[in-house]
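In the two complexes below, chain A is the common chain; its partner is chain B in one and chain C in the other.
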Partner chain A sequence: MNNSELIAKGSIKEIREAVINGKLHTVELVNCFIQRIKNNRINSFISLYEDNALKRAEELDKKLKNRGKPGKLFGIPYAVKDNIAVKGYEVTCASKMLKNYKATYNATVINRLNDEDAIFLGKTNLDEFAMGSSTETSYFGTTLNPWDNSRVPGGSSGGSAAAIASGESVFALGSDTGGSIRQPAAFCGVTGLKATYGCVSRFGLVAFASSLDQVGPIGRSAEDLELIFSIISGFDKKDTTTKRIENYKVSGPTKRKFNIAYTNDIFSEEISPDIKGNILSILNLLKEEGHNISEVAFNFSKHSVPVYQILSCSEASSNLARYDGIRYGYQTKSYKSLLELYNRSRGEGFGEEVKRRILFGTYILMAKNNALYTSSFKVSRLIRENLENIFTEYDVFITPTTFNPPFKIGEIIDDPIRMHHSDAFTSICNLSGNPGISIPLGLTGNNLPIGMQIIAKRFDENNLFQFAKYIQSITDYHKCLPEEVK
Partner chain B sequence: MYKATIGIEVHSQIKTRSKMFCGCKVEFLSAPNTNICSICMGEPGVLPYTNEKAILLAIRAALALNAQINKKSVFARKNYYYPDLTKGYQITQSVPLAENGYVVINTENGEKKITIHRIHIEEDTGKLFHTNDKVSMIDFNRSGVPLLEIVTDPVIENEKEAISYLKRLRQIIRYIDISGADMEKGQFRCEPNISVSKDNRRGIKTEVKNLNSLKAVEKAIKYEIERQITILEKGGKIIQQTMLWDEKEQVTKTMRSKEGIAEYRYFKEPDLIPLIITNEMINEQKELIPELPQSKFNRLVKEYNIGINEAEILIDNPRLSNYFEKSIEKGCGIKESLGWITTDIMGILNKSEKKFSYLKITPQHLADLYKYIENKIINMNIAKNILHEIAFTGEPVDKYIKSKNLIQITDTKSIEKIIDEILEENPTEVKRYLKGNNKLFGFFVGQAMKKMGGKANPTIVNKLLKDILNRR
Partner chain C sequence: MEINREDIKKSANIAKIYLTQDEISKYMIDLKDMTEEFLDTLKELNISLDTDFDFNTTSLKYTNLRQDIPDNFNNIETIYKNAPKIKNNLFVVPGILRENKK
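And now, the complex of A and B:
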């Protein structure tokens, strides 16, 4: 591989080795990504911190010269969804509310990446406060899908997924509350992970729905994601919901045969024929390779969205109460009373989708609607139990990531019910806490990416990665790039 | 006859060095907004983490209040908007740390158990200062300070019981050293709810806020009971509402009615895992609980045969009762020690506005003074004077008495000599006395004592004076 191929397609391991061996200078590498970001017109970044990235690259080059021990991500540039705090830089959440707000501390995940010598490039676009499935609710405008600029990149981590697909970064951090990493990964033809709830610290992730949110990586392959996961996961005393589990160790190659379950939803009318076709053909391939494949009736895909909406909006209505225009963030120009200060600041600072969800969540949490809230918890528990059942027999459970390939910009933005519906398969993992990864599975007839979701047992990322890496070892789907990147 | 039913909610700060959910200092007198961080300011992306020390202290309190501790309690969010609340919600508990406790108080009819419904941990808010009509300032130093909320059942019948309960509760909190419980510093806040009824049905209750002293609590409850009765007597109805005590006008005023009370939208705090209390934590705290006020009260009354009022004074401050018991142990008389402590020492401290810890008189001093009195070397008045003199020097009694030459004059010859002298100096008074003005006897005693620098044994002076005058 020559350097430009390496930069466009190389794995983290390959790029890091090239940098450490002096084949590629860190500054040169970073500059290359900065140029890509600057030349691209897909609006994947909200902010680019060129000077900081170059300064950091120089420091790393110096470190190498002085024979310092290179970290596991030495010289690897990364982008961060703009709802994760990086000290000293704006964390806008793609909202007018936080347009000029600068983080006063680093998220735990940022510290962990920087400790391994990764290089922070800038912040990527998202749906406002991560509420959406298309980045269309961003205050800074929609990100364009690199495969087809008339289409959405998915959301809410659309900027991060689009940045990876268009070669603007080696990996990116996203956040996933109902599918916000996996759905845009599928729409952009890249790999995205939502780990088991409690594996990755949320400290520094601006909360949407605390009991469902997880930070996770989007990247070029399951192999890269596994490395990132091994670095960002683990107990954090600043997030009491993180589990005290052993440090994750990257899994080696395997020759074992997997027990694979797939959902009968694949045959649903709602699934686009291209997605159904590609998933069935990969299942066939797996069968030919000697793995055990079984169809499983999973009856929760139709319940996950309403339950997810109820729980996530309830928590969001409380989590977003702090934006009151008093201590930071947007404050209305004029007001005559406290109530007016609140109403105007929040009314003017938040966009439509955010307001819709706050109102819905506020309504749900009212004492008289308590039954809706508590029964949603029950459904969540049922989903978890059902998955646990599946994993007593199977290693992994396969679903489509989405019903359809990426839709057109503006196509369903005015139809929130349809928009929310696209979380049906992904939100299952958030409700149950299970880990899920979306891997690319080729293209539709129109050259649009397709994604497949793999779910594993809770805290069994090892199995998840082994399987995902295995598929990526027998297929080349994850190496597909949009025309312009090739 | 109307019967009042009262329940009381107390918020007591828990004495920790740092806040409940972050590492910021807890300090009463810091400059505004100096003890704050991204967590207690509710900045985007931060998460709370629990202060273990606060939890241990809360467990100690729950044990001292005879409550059952829940092995698993759950944090919850109480959602409302106010500028002193940084996150738009307060972290409190839905499943409380402890339930079903009680405090024993003394009433006219003997002991009474005030049952406690629940005890839970929560966080304090910031503080608003209204500087003038247009500007309000917020100090967030208090934001996130740990609080213990203690809620009684509605079992209190009048303001006296309420005060007895609050005093006893405050004593317990101070005995177990989990809070200064200083009302003026806002470390101990009381919110009674009050209803009245003629029969067994519970009346509609009102809640009273803004009570900054026990006096205010007492007056407000009394006022509220009377106000409610007056309304009912006129055929009116009580409105369920929150009242504010107006200290200036000494009345309760409507703050907000129930209709206006926010819907708090409680739900489980998703940022905090449930609080798990282990047996080790409980046992560790059990060991740290000293003898508590009510048992101390009962023991003092029984063991030393002292009065109820005096026992109450002694137990109000555990250091005072320990001091008393030490002095007896060292050999002081019970009556003398009680008198010195409850009148002289307390008087000295009150007058000088100094804390007990500044006092240099030790129980040994009291025992020594007592010895001198028993041996008739000094009299009670001299002893009291000595207490005042050595209060903040701590000079040994022996040394002081010798240096000031205070040894009591018991030698009858010299006392007789002095009596003769003063009778000679006051001939008119002698004449009036002999004519039957008996009141002047005291005058002669005073003159004689004065002449002897107060050192004479008053019993001997009295006896000799009577003898001499009778001879005339």
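And now, the complex of A and C:
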């Protein structure tokens, strides 16, 4: 593999080795990604910190010359969704409310990546406050899907997924509250992970719905994501919901036979024929390889969206109360009283979708609607129990990541219920806490990416990665790139 | 479930969000559609739509709370820089007693 192929298609391990062996200089590597970002017109980045990245690359080159021990991510450039704090840099959440706001500390995940010698490039676009499935609610404009610029990249981590698909970074961080890593990963033909709730610290992630939010990586393969997960996961005293689990060890190749369940939902008329066809093809291939495959009736994919919306909006209405226009963030110019300052700052600073979700959450939390909130908790528990039952017999559970391939920009932005429907399969994992990974599964007849979701038992990322890596060892779907990146 | 303009105004008032008349009309339709759709879907499961739920059985009970110990923060200047208005190291807010003084 020559250097340009390595940069476009190489794994983290391959790129790191090339840098350490002197085949590729860190500065050259970083410059290449900076040029890709600058030349691209898909609006995947909100901010690019060129000088900082090059300075860091020079420091790492010096470290290598001085025979310092290279970290596990030595010289690897990465991008960060713009709702994760990187000290001294803007964290806008793609909102007018936080335009120009600078983080005063690093998120724990950022410290852990930097400790392994990764290089921060810049911040990627998202739906405002991570509320959306297309990046169309971003204050900084929609990101374009690298496979078809007339279509959305998914969301809310659409900028991160598009950046990986278009070769602008080796990996990127996103956040996933109802599918915000896995849905854009599927729409952009890349791999995205939401780990078990409690595995990855949320310290430094701007809160949307704290009981559902998880930070996670988007990258070129399950192998790369497993390495990132091994670095960013683990207990953090600054996030009391992280668990004291053993340090994750990267798994080796396996020849074991998996017990695989797949949802009967794939026969639903709502699933696009291309997605159904590709999932059935991979299941046939797995059967031929000697794995045990079974269809399972999972009865909650229809119910996960209402439950997710009710619980996440309720939490958001509380979490976003902190934006008062006084201590930080947007402040209205037109006010006569303190109350008017609050009301107008929030009315003018938040976009349409964020206001809709805060209002819905506030409405749900009113005493008269309490039954809707508690009923959602009941269904959430049923979903968790149903998945636990599946994992008493099976290693992994397969669903489509989405019903359809990426939709056109503007196609459903005015229809919140259809937009929410995008989260049906992915939000299951957020409600139950289980880990889920979306892996690419080829293209539709129109050359649009398809994604498949693999779910595993809680805290069983090892099994999840073993299976995802196995599929990527017998197929080449994850190596498909948009024409302009090839 | 009936949602009217007063419900939206009340939610906006609690959430401290100023809405125009057009926004109130739009959100009234959106929230009505969402609530009806969600309620219909949840009813299919035949679970009791009541407030009887033991939250202690959820994952909330597994959260390990840390001790509330004050700590020094040595980066106060950056906090000031993010504030819209600062005077004498204090956040500036409109007076709330002015009318009473008159």
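Just so it is clear, the second predicted complex is superposed on the first by the 486 of 486 C-alpha atoms of A that agree within 3 Å, B and C clash if a C-alpha of one lies under 4 Å from a C-alpha of the other, contacts with A are read in each partner's own complex, and residues count from 1 in each chain.
In the analysis below, contacts are C-beta pairs under 8 Å (C-beta built on N, C-alpha and C of every residue); 3 or more make two chains touch, one makes a residue touch a chain.
Note that the structure is a prediction, hence the values are computed from the model and not measured.
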Request  = Identify whether chain B and chain C fit side by side or clash on chain A in the overlaid structures.
outcome  = clash
Task = Look at A:287 in the shared chain and tell me whether it touches chain B only, chain C only, both, or neither; answer first, second, both or neither.
result = neither
Request  = Scan A:62 for contacts with chain B and chain C and give back first, second, both or neither.
outcome  = neither
Query = Just chain B (first), just chain C (second), both, or neither: which does A:104 touch?
reply = both
Inquiry  = A:13 in the overlay: touching chain B, chain C, both, or neither? Say first, second, both or neither.
reply    = neither
Ask   = After lining up the shared chain so the two structures overlap, which partner does A:38 touch, if you call chain B first and chain C second: first, second, both or neither?
value = neither
Query = Is A:416 contacted by the first partner chain B, the second partner chain C, both or neither?
reply = second
Request  = Tell me which partner A:257 touches in the superposition: chain B (first), chain C (second), both or neither.
outcome  = neither
Key: chain B versus chain C as contact partner of A:338, first or second or both or neither   = both
Ask   = Touch check for A:325: first (chain B), second (chain C), both, or neither?
value = second
Message = Counting residues of chain A touched by each partner, does chain B or chain C come out ahead?
response = C
Query = Superposition on A: which chain C stretch among 6-14, 42-50, 60-68 or 78-86 collides with chain B?
reply = 60-68
Request  = Overlap the chain B and chain C contact sets on chain A and report the shared residues.
outcome  = 101, 104-105, 211, 237, 240-241, 317, 321, 324, 326-328, 338, 342, 362, 366
Request  = Spell out the residues on chain B that touch chain A in their complex, using ranges where they run on.
outcome  = 38, 41-50, 77, 79, 81, 83, 86-89, 138, 263, 265-267, 270-273
Inquiry  = List the residues on chain A that touch chain B in their complex, please.
reply    = 83-85, 91, 93, 98, 101, 103-105, 107, 202-207, 209-211, 237-241, 314-315, 317-318, 320-324, 326-328, 338, 342, 362, 365-367, 373
Message = Could you list, by residue number, the parts of chain C that touch chain A in their complex?
response = 3, 7-8, 10-12, 14-19, 23, 27, 30-31, 33-35, 37-39, 41-42, 44-45, 47-53, 55, 57-60, 63-66, 75, 78-79, 81-85, 91, 93-94, 96
Remark   = Listed in rising order, the residues of chain A that touch chain C in the complex are 101-102, 104-105, 197, 211, 237, 240-241, 302-303, 305-307, 309-310, 317, 321, 324-331, 335-344, 346-348, 350, 355-356, 358-360, 362-363, 366, 370-372, 374-382, 416-417, 420, 433
